[in-house]
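So, here's a batch of structures to check.
Heads up, the next two complexes both have chain A, just with different partners, chain B and then chain C.
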Partner chain A sequence: MRVGLPRALIYHYYYPLWKNLFEQFDVQVVISDITSKELIQKGIKVTVPEICLPIKAFNGHVINLLSKNVDYIFIPRFVGIESKKWFCPKFIGLPELVGYSIDGVKDKMLTIDIHGNREDTCLLENYRPLCNVFNITEKELKKALKKASAYWQEFKQYCMKGFTIEESMQILNGEQMVSNTHPEITLGLLGYVYNIYDPFVSMDIIKRLRQMDVKVITFEMMHEKDIANVFSKKSKSIYWTFSNKIYGAAKVLMNDPEVDGFIHVTAFGCGPDSIIGKLMELDSDKFRKPFMTLRVDEHTGESHLQTRIEAFVDMIKRKKFAEQRRELA
Partner chain B sequence: MKVSFPYMGCVTGYKKILEMLGHEVIMPQKPTQKTIDLGVKYSPEFICFPFKVMMGTYIEAVQRGAEVIISSGGHGPCRAGLYGEVHEKILKHMGYDVQVIIFDSIFRDFGTFYTHLKKVRNGASLIKLIKDIRFAFQIICRMDEIEKKIKILRAYELNRGDFNRAWVEIQKLYDKCWTQQDLEKASKIAHQMINDIPIRKVKDDERIRVGIVGEIYVIMESSVNMNIEQNLNNMGVEVENVQYISDWVKHNTRGFFGSSKAEQMIGKARRFVKMNCGGHDMENIGWMVDFKERGFDAVIHLMPFGCLPELITQSAIPTISKELKLPILSLSLDEQMGTANNQTRIEAFIDLVRNLKSAPKTEVKEIEDEVWNAKLLKQELAG
Partner chain C sequence: MKIYIGIDVGSVSTNVVAMNQNYNVIFKEYIRTNGQPLDSVKKGLKMLEKNLDHSFDSVVGVGTTGSGRQLAGIMVGADIVKNEITAHASATIQFHPDVRTIFEIGGQDSKIIIIKDKMVVDFSMNTVCAAGTGSFLDHQAERLGVPIQEFGDLALTAKKDVRIAGRCTVFAESDMIAKQQYGFSKAEIIKGLCDALVRNYINNLGRGKNLEPPFIFQGGVAANKGIKAAFEKEIGHEVIIPQHYNVMGAIGAAILAREYIEKTGQKTKFRGFGAADFDFSPTSIECGACANSCEVIKVDLNGKTVAMWGDKCGKWTNSLVG
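This part shows the complex of A and B:
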């Protein structure tokens, strides 16, 4: 059996988990192609125009999979993975958004509802519908979930050591990673995994920053507890799971003297970001740390992006060195 | 305390309750272009339209002396629940010392609700408070009842403006009510006023009835929806809106004032969507089914540009429309509304509905599917 995974949205976070899980049942995992202009265009064509770029991209990836001779396309409905927090409405309505936009996808859709309060999503209830599809018993599923969860936890451990998602995956596959050279400044890179890690959307922004001798910290490199603890009675947390992780990460990093500034990568049409973007901007104002918003869409040009990052990084470097000189004097 | 609140639909009820508790009410003004411009200027660029209009309303209220703004949180995953916090931060950043109090649903978070209640109740006893709330709620219900009637009858008024003039008077009447007796008297007069207005007689099968569904703020507040109800009435179309303040209060206080219609609607929506995505999205789809069942001729769906939950509804509309054989027009509203464009779309849509209705029944059955789907499509493309 061949199951397709769209290389979009939350895929970047849970890919190791799903791949491990499916392969335990001798399912062949087929991943859609890396995002390209053509692929996104196909998504844009079928999706309601006002919606955010990542959803359009997701539809593009689903269309791409339809041509890959798969039996199923895995489209989970993420409702929540922690108590009193939900996913962005578009994740909750994702199966509908896809089903009503793309002809002929409905019979191929493999949908499960993700509830509960586990970051690894590995509750039996969540994955139970797979039993029928893969023809396995609940007991087998349970065992497989446990294994997949452990595998995913290992992956997360590497992330928290400061490796990017891609690097962590490579380490899992047994590759060696050389750690960073000497960074001159440190930036908090704030954004959803599907924006930061999609090479088409943010154009390998991490690599670009590192080439400028910048150390990059993203939310998945931080400990969840630290992020959760930053919210007190006075500052309310945000009730969308991943928006809250990013906002929380920003809050932690604001107080971290090592961090010199922030870049917020946001996709055109993102609702939650219009809120947390403003909140983070106001906070950074208070902490006097430079903050830049990079809003990306399918037309964003590479040179434009490069210029903006360069200017921002240069500005911070100048500021930092000037301060250091003053301290020495 | 000088208190204000967002402007949404008919505001007499809010005013009443705050006055009964002895607050000085800074009446919010009906949003104008100036309000919207002001809101747009100080809001995050990509936030939803209702946030921007409320932002403008609050700034105007604060400039007129408001110290506290009372608003409601949303329920579930959508942005409205975070509005208050961001509004307050922006107002403070602008240098205004103002507090935005958010009333969340009583049942979700009684603790917070109660602390807020204490601030607002101004030393009044809980019993008085409950009594006041109940009374204000009654006023709201009575006024909603009359408004509903107006939106139907106004389609047939002989002298343009009669109903609106009466409505202004009626609002004043209710504003003066302080006791149950006042209320009964006012209601009686109000209904009489409405019944006395001369209207054109129409045959039952000539009536055109359109249901309005969508995001709560834009369907309730006429100043941000191009006054769509009046507009449709002027074309001789009856209108039923699914949101009234009374329903909304009932929904937020489930169990306190009786069960809500929303749950019923959610049941009807199940065949199209499985789960509510944080707004009134599922309820709205349920309403579309309900309108069809009650023999309505068409539905207009209004949403703020980019509204998260309603976009999911919008994606499903072509399918729903086809399966229910019900013409549905979806319009997005924002500060660059392009009134003329939307106006044309509405007019074309109503023409289409009228034609469908007057075409002989047997024929309709056969052509229905293709014709209005094709026409609708063309219109969508044009719009």
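This part shows the complex of A and C:
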């Protein structure tokens, strides 16, 4: 059996988990191609125009999988993974969004609903519909979930050592990785995994920053407890799970003297980001750390993005070196 | 005398300056790019060559900036290739060390740069819309049959205020036609356009920013007295236009080149004024190797490929190494 995973949205966060889980049942996991201009254009064509770029990209990836001779396309419905926090409505309605956008996809959709309060999503009730599809018993599923969860936790450990998601996956596959040696400045890179890690959407922002000798910290490189603890009992946390993680990460990094500034990568039209974007901007003002928003959509020009990143990094480097010179003098 | 050259290749103009050791601008030329960035740079270099005393002056550093900075940098052999924000700010800080806010309006982009203690602390640039820029004014001047050089002076003669929607050039145009039909004079319409441009600029770029004086206004549009007056009215404070307002980016590139040469002690990579005679041809190819269809820019110098960029995967960029 061949099951397709669209290389989009929450894939970037849970890929090791699903791959491990499916392969335990001798399922062949097929991943869609890396986002390209053509792939995204196909997604745009079938999607309602006013929706955000990540959803258009997701549809493009689903279309891509349809041509790969798969039996199923895995499209989970993410409702919640922690108590009293939810996913953006587009995640909750994702199977419908895809099903009504793309002809001929409904018969191939493999959908499960993710509820509960586990970050690893590995509750038996979440994955129970797989029993019929894969022809396995609940007991077998339970055992496999446990294994997959452990595998995913290992992946997360590498992330927390400062490796990117891609690097952590490579380490998991036995490759050697070296962390960057002598960064000149450190930036908090704030944004959802599907924006930051899609090389087309973010135009490889991590690579660009590293080429400028910048050390990059993203939310998944930080310890979850640190992020959760930053919200005191009195202050409200954010209603959306991943928005809360990003805002929490920003709050922790604001207090970190190593961090010289922030770049927020957001998709045009993102509702939750319109709130946390402003909150982070206000906080950065308070902590006197430079903050820049990069708003991306399908029309974003590469040279413009490069100019902004260069100017932002330059500004921070020049300021930092001037301060260091003053201290030496 | 040691000379530093700065080149700013923008969408509308290409500017070439030469600066001596005392930060004096000894040559400056503002050339309309007209879609021919390389020819404009060549023209600028030739003019500069004629103006230098070659027994006495020697070029020790070259910097490029602007949207065509990469291409121009390869052509002339630049020591540094810098973004426009850093370049503009460096120039302004040199001539007005106490500056706090820079308004820069160029042909197709506009920026606000916030400075504190001679350091850039914040900036914003327009994104995809060119509503508040020079090309907008150029276009409207043409429509009204007023030479752009006279635009500003005419605005100052307006007796009444008329409000023109400036959020989008397309709507501004239809609003302008409507106001003409109401009987407002050309001068009043032009003043209305200046006000609309400034309002749009401050609302888009200045939002959420603390704009403190001294205000410096530069870029090609700073030649327009009507815009300067509109700025002063909008922010309620004097706006200073620097002496070399239309070539500040190029000056900044020269300053940054000097900084770099002095810091590293390197010899300049400048190809010499002969660069103006080189057979330099950039071509663009659409790579068909994958679904990204990247637009790859290829630059040939005397028949030999010297630079390639624009590919996502690095296939072409890396093909030149070694």
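Criterion: the second predicted complex is superposed on the first by the 327 of 329 C-alpha atoms of A that agree within 3 Å, B and C clash if a C-alpha of one lies under 4 Å from a C-alpha of the other, contacts with A are read in each partner's own complex, and residues count from 1 in each chain.
Throughout what follows, a contact is a pair of C-beta atoms (placed from the backbone, for glycine too) under 8 Å apart; a residue touches a chain by one contact, two chains touch by 3 or more.
Just so it is clear, the model here is predicted, and its values are computed rather than measured.
When both complexes are superposed on chain A, chain B and chain C fit side by side without a clash. Of the two partner chains placed by superposition, only chain B is touched by A:236; chain C is not. Legend: residue contacts after superposition of the two complexes on their common chain; A:304 is shown touching chain C, with no touch to chain B.
Residue contacts after overlaying the shared chain place A:124 against neither chain B nor chain C.
Legend: residue contacts after superposition of the two complexes on their common chain; A:318 is shown touching chain C, with no touch to chain B.
Ranking chain B and chain C by residues of chain A touched puts B first. Looking at the shared chain after the overlay, A:77 reaches chain B, while chain C stays out of its contact range.
For the pair chain B and chain C, the minimum alpha-carbon spacing after aligning on chain A is 7 Å. In the superposition on chain A, no chain A position is in contact with chain B in one complex as well as with chain C in the other. Within the complex formed with chain A, the residues of chain C that make contact are 67, 82-86, 119-123, 125, 127-128, 208, 290-293, 312. The touching residues of chain A, when paired with chain C in their complex, are 33, 36-39, 199-200, 204, 281, 290, 295, 299-301, 303-304, 307-308, 310-312, 314-315, 318-319, 322. Considering their complex, residues 47-48, 50-51, 77, 79, 86-90, 92-93, 95-97, 100-101, 113, 236, 238-240, 269-275, 277-279, 282 of chain A touch chain B. Those residues of chain B that touch chain A in the shared complex are 44-48, 76-79, 81-82, 85-86, 89-90, 93, 272-279, 281, 305-309, 311-312, 314-316, 318-319, 332.
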